[in-house]
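Given below, in the form of structure tokens, are the structures.
Paired with subunit B in one complex and with subunit C in the other, subunit A is shared by the two complexes that follow.
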Partner chain A sequence: MSRSQPESRVLVTIAAIGGALALTVLLLTFVSSTPQAALRAFFLGPFSNRYYLGNMLNIFSTLAITGLGMAIAFRAGVFNLGGEGQLYVSALTATMTGLALASLPVMLGLPIALSVGILTGAVIAGLSGVFRYLWDTDELITSFLIASACIPIVDYLIVGPLKDQASNLLTTERVPEAFRLPRLLAPSQLNPTLIIALLLLVVAYIALFRTVRGYEWRLSGLNRQFARYGGIHTGVYIIVPMVVSGALHGLAGGLFVFGTHYATLVGFTAGLGWNGIAVALIAKRHPLGVIPAAAAFAYLESGAHIAMLHTDFTFELGTIIRAVIFLFVTATVLPHSDIAARMSGRVRPFSRKRQT
Partner chain B sequence: MDLRHITKRYPENDVLAVRDVSLELRSGEIHALIGENGAGKSTLMKIAAGLLSSYDGEVRSRATDVCRLVQQHPQFIPHHQVWENLFLGIEPRTRWGLLNQEAAVRDFSALAGRYAFPVEPRMRAEGLSAAQAQLAAILGALLHNPDTLILDEPTAPCSDHETALVFEMMRSLRDDGRAVVLITHKLREVMEVSDRITVMRHGRVVGSLLTADTTPNELSSLMIGEDYQHSSSDRRFGVLRIDSGTAGRRSPVEKQDLETATAQTSPPNFQIPESRADPVFELREVSLVRRGRTLLERLNLKLYPGEILGVTGIRENGLEYIEDILSGSTEPNSGEVRIQGSRPSRYTPRAFRKLGLAYIPTDRLMRGASLSSSVEDNMILLDRKRFGRAGLLNRRASAHFSSALQQKFGITAVLGNPMHTLSGGNMQKVILSRELSQHSPVVVFSEPSWGLDFRSSERIHDEILRLSETGVGIILISSDIDEILSLCDRIVVMYKGNFARTLHGDERVRDTIGELMLGIEPEHSQSGAPGEAGVPQAPGEIESKDSAKGYGQ
Partner chain C sequence: MIYYAIEVMAPLLLAGLGGLFAELAGVLNIALEGMMLAGAFAAIVSASLTGSIAAGMLGGLIAGTVLAYLFYFVGIRMRANIFIVGLAINLLAAGSIPFLSSAMYGTKGVLRLPRVPRMPGFFVGIETGFPLLDQIFLGHSFGVYLTVPAVLLAGLVLQRTPFGLRLRSTGKNPETLRAVGLNPDRYRRAALLISGMGAGLAGSLLALRLGVYLPNVSAGRGWIALVTIYLGYKRPFGVLIAALCFALAEGVSVAAQGVLQIPGTILLGLPYILTVLAMIAYSAMRRVAPSDD
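So, the complex of A and B:
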């Protein structure tokens, strides 16, 4: 953890964002032939009409859930690097369940389909937790490997046996009309995922900071040796956080299908899982911090989309800008986080031996 | 080297660590710098060694002079070998400009050999014991061939044997015409090894004397600012104690306060056993083997209520492993542990605590505390379940509990601040307050006064004695012979993973313990079978029904 004052850390983050934005403006001015239009589309586009605003909020909703999924794992000192794959697989299982249960009433079929999605994510991520508990394998690596192995399998299923023959796209069949979540800000894609995401963030905040289990959860993340010494069953706080993290990604995948796309398309997760890690880091692993972090990400993403539609702004440029901002912000966050410590094989005060 | 009118303020917490201090370090002299925790010794020497840049005053030395400081708790890159750690920046090269490993290892071994320091250059740093790490760090400083060598509490993790090695090294440097500075608060060491003494208190120099002209009493009264004298009347075996002459001679915590405050803060979780005939803690034939090495061999031990059992030895001879076994941190390969007659369900601290064990660990920073958590979160660790209401943490109750503990133990801290803002003494008090709030019938203390100054360790020692009077069984693991001698009813000396001998009554003599620690069987050896630490001793109270059995070999 950082030893500086919280206020000064916030200031540093704001300065980093400011610096990144200045760099963005500079880049656009040089690269674009109509820099003014591009700048306006990029920065003001998301607020220019209901459609763009709704879509931005929709991106925010999914990012908030995946970001929370990461943050909550980080809090327990475990690392789920398989969010992208977990989201993708869960989207598929939820879609297929929805299709299979098409004859059931919505109030029954939809919860079952979403639960299947949640369960899928929970099992995939949970495996890494169990492996670490049993054999002390690094969950950072196993979660990445397992999820990465799942992605091509899902690709194959969508392109092959599960493809919607009626469609020209690489997609599964669309879930029955009755199962689709209502649109909140038509014609945009915004749907009740937003409300679910905000509720989850508040619930997670209370669970982490206001309950006894949350105290044990955080303590296991801060100092596992201390937690064990104090009689906390630390094995539980390896497996459960992975399960919960996977479940949140599974839920995000399910909602992404029933709220936004109504089917699973090849590669439609488009970095939502990876960006969840970025969101969690910028949020300093705090559930409520996820709100501004995910909002900033969603804003940049939709800004890039809009600028692309209206000007000669390119997709790559959007990616570069996001990368620049991420780099600036994480540069202020990472030195204090445990992921940085872990990545750099940290030097610690001399202690006699490691505690597993 | 000459330090003139040095003043150092830490702006972060607005502390004046050093106030207008002038000091002269002469070559060919061992200079002891003493004072309580926080007196400014370490800060001053960091300035001398050039590790701190912003200060007022002047440091004068010849430009070619090399000054090296060996800090407390030396840090190493754990996965790298010792020599790799120590030659960082001064690597010898081959004539092709490549790293000359052989030369480095050879130089290091020669240096280690000269002072008989038992440190292997090829060993990985993570495998070093705390004492070896200290010796390695000293060797690392010597590799730079310093004109001035400053050692900050070098003997804290060392046994008598290693301490003697360090002193020998210091004397040889002195005779070689170099300046050596020893920062410490152990008076015995100061009297033994130094030529000149500077005493610091609250950032100022309060005395500068020649060792030959002073006495420990004079030094301690200078350090503490109160009269300090040897007294053997109200301690069991006579140790230094403070006698300020006024009422309330040290902490505001008197025995009755302790009991009433404890009653307010938490209902007893455990019953202190009425009968003193049954052991509250037992080891039976416990062995620990790791990677084919036998670390502990068929140990037997019985602890009775109200007894203080000391376990001592050189730390490499199994003290750290016995700590892990006694606290449930490690599972033994064979044998069993019994707490109040029951076997723990698993070998975890959780299971041991359930049966009534409290434990103050050696490693306070990593094991005993969560440094980035608040002080309050550190205090409620063991009582967390009691503050749950339908799963929600009742912060008002936990704050009430913590401030009661804070008052009771006189802890200077803001409860909401992170633990790492606390001084070592206050940190240890937080750990102590938490562990003792459980009213456990067995308490394991491991190196409870490491790094603490007189008054803080005094308080801890008082607490240990008080606990034993209430019938709590105490195991005190310590490599500090004075601590062991002053507190313990029985003393077990470890040598190479075995209990070399159990000493009772008149056998508890410094020299005997020292010899046993080094594996020498004292000539005047009498009773007490090796490997048997279960002989009840406290006169009259316990029948020695087990003494004849003689477990183990």
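So, the complex of A and C:
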């Protein structure tokens, strides 16, 4: 996540993914009584039938939106690490709006519900942007902390007051039938989120690389002082990218409800927000790079899911894979370069020099 | 309640003191949470294997230190983003403990192992003539009495030794250190390892006091430990006061939970909110009066 990106970073990225793969193979071999079947399931499972393939593409869709949300914030030099919580809270507010508006026609009710989700994410992430603007608190940490504080509250609401009493699961009521997005590859969960995600990526690419605002946005990320010297109001490019990033997570949360689960379940985001960060880093913060990165991650995730069915006990293989990738993805192979000096500027995030 | 608060304070303080070293060396150790968790797990495992409290604490200490070395290696040596590496370590702890737990003992839930001894109380039966003081300060578990020398030692090392001076200048201005021919990375490494020991030991106290390993036993205490560093103005004695305040607050909130029926799940979010508030307060104050660090 250094603001410079030498070519050696490609190697590091490959090494990070390769390391995660190697570890996965090792773990599966170790824990499964039928390691061959488990490995087969991990590598080939996602392609073995319509159901798994569709589900993998569905994971890809959500990851593409969250990954884009991260990537465009990174582009402006701000860091949103609260995606997981933003996604989760927005899913809940979108669900609740959908339930409340059940009597409205779908063309009116669904957009309102999704907008509420978008707004929720935008506000939660925007707060961190405002804090950074006003008091220079590092948005990297505050976005993480605020989102982490929201997660137990949502958990509580789903388990407590908002629980669907008719269901045995820890879930809210399901949104009305009419509001549910159609399935594209039944019986899998694939739905129009995929199309929305791809459109968003293209729009973001054009906005970032083909417009003046996009230029200012990227310049603020490359060198905030220079951007300000050039007459750009850099404060705007702290708050707005956080808001947009949160809004995308809010949208992802809303679509996750209306397209995939039709309700908000406890813990159902299962790392989609975290993986968005990894996707953005692997994509080197480029909107179109998000496509292969999200595809790679969706493959790893669904492979891990399917392989777990072939082992003797379940564990959080996805979490471990994510940890390994996080561990190495921002590393650089150049030990003593100017990156080192620049990175040391980030070593003390609490007291970063005021750059706005 | 004060007795309970002191008991709660001990792990918080140890993790906070360790984190203070890292913070002063200019590395924000947000992996304290994961290190505490690993320390707690390792402590129960090694206490069960050996039947000894001391071995349990040593196990926790080693687990925290190992993670700290990983943090150093990737975050400092390989120059990765400190915050992402910290998160990775937290994830690694959160992901691999259930894995190890189910691989070794067949459960990823509460781990109640045989041969884990009870934490003995110290200074039991001694009377100083002040029953109230006796009640508050005596009979705590070993870890509590460990904190007193720990605070003194931390203060001494940081303020009165060349090592402490160099460590602090690593945080303030690593160029100075380079100018006199010293390698700032070595001090970052030392600071991180110390923070790993502190957090690992803190985790072992959490688990050994209960005698079992509970999933997510640290429950955000690693984050609170970070807050104590800031609220304590980055001074060991300040960390002590801040940790005591939080411990008292926890005592109050546990009591409030019973009286006011606040759901326990919501309290899990509290450490994060407090950390945000502390950060904002700290940043806002820095801008009003630029402090010396």
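What we mean here is this: the second predicted complex is superposed on the first by the 276 of 356 C-alpha atoms of A that agree within 3 Å, B and C clash if a C-alpha of one lies under 4 Å from a C-alpha of the other, contacts with A are read in each partner's own complex, and residues count from 1 in each chain.
Keep in mind that, in the parts below, a contact is a pair of C-beta atoms (placed from the backbone, for glycine too) under 8 Å apart; a residue touches a chain by one contact, two chains touch by 3 or more.
As the structure is a prediction and not an experimental result, all values here were calculated from the model.
Colleague: Identify which of subunit B and subunit C touches the larger number of residues of subunit A.
Modeller: Counting residues of subunit A touched by each partner, the higher count goes to C.
Colleague: Once the shared chain is lined up, is A:A166 touching subunit B (first), subunit C (second), both, or neither of them?
Modeller: Touch status of A:A166: no partner.
Colleague: Between subunit B (first) and subunit C (second), which, if any, makes contact with A:E316: first, second, both or neither?
Modeller: It touches subunit C, and subunit B stays clear.
Colleague: Applying the touch criterion given at the start, work out whether A:I153 contacts subunit B, subunit C, both or neither, answering first, second, both or neither.
Modeller: In the superposed model, A:I153 contacts subunit C only, not subunit B.
Colleague: Does subunit B (first) or subunit C (second) touch A:V212, or do both, or does neither?
Modeller: In the superposition, A:V212 touches subunit B alone.
Colleague: According to the stated criteria, A:L145 is in contact with first (subunit B), second (subunit C), both, or neither; which is it?
Modeller: Only subunit C is touched by A:L145; subunit B is not.
Colleague: Looking at A:F226, would you say it contacts subunit B, subunit C, both, or neither? Reply first, second, both or neither.
Modeller: first
Colleague: So subunit A touches subunit B in one structure and subunit C in the other; where do those two contact lists coincide?
Modeller: In subunit A, positions 1, 347-351, 354 sit in both the subunit B and subunit C interfaces.
Colleague: Any idea which subunit C residues touch subunit A in the complex?
Modeller: Touching subunit A: residues 26-28, 30, 70, 74, 77-85, 87-89, 91-92, 94-96, 98-99, 102-103, 106, 108, 171, 174, 223, 230, 263, 265-270, 272-273, 275-276, 279-280, 282-284, 286-287 of subunit C.
Colleague: Taking the touch rule as given, give the residues of subunit A at its contact with subunit B in the complex, in rising order.
Modeller: It comes out as residues 1, 3, 206, 210-216, 218-219, 222-223, 225-233, 345, 347-355.
Colleague: In the complex formed with subunit A, which residues of subunit B make contact?
Modeller: Residues of subunit B touching subunit A: 73-79, 125-126, 128-130, 133, 320, 327, 329, 348-350, 353-354, 359, 361, 363, 365-373, 377, 380-382, 384-385, 387-388, 391-393, 395, 418, 420.
Colleague: Hey, which residues of subunit A end up touching subunit C in the complex?
Modeller: 1-2, 27, 30-31, 79, 81, 131, 135-138, 140-142, 144-146, 148-153, 155-156, 159-160, 274, 277, 281, 313, 315-320, 322-335, 339-340, 343-344, 346-351, 354
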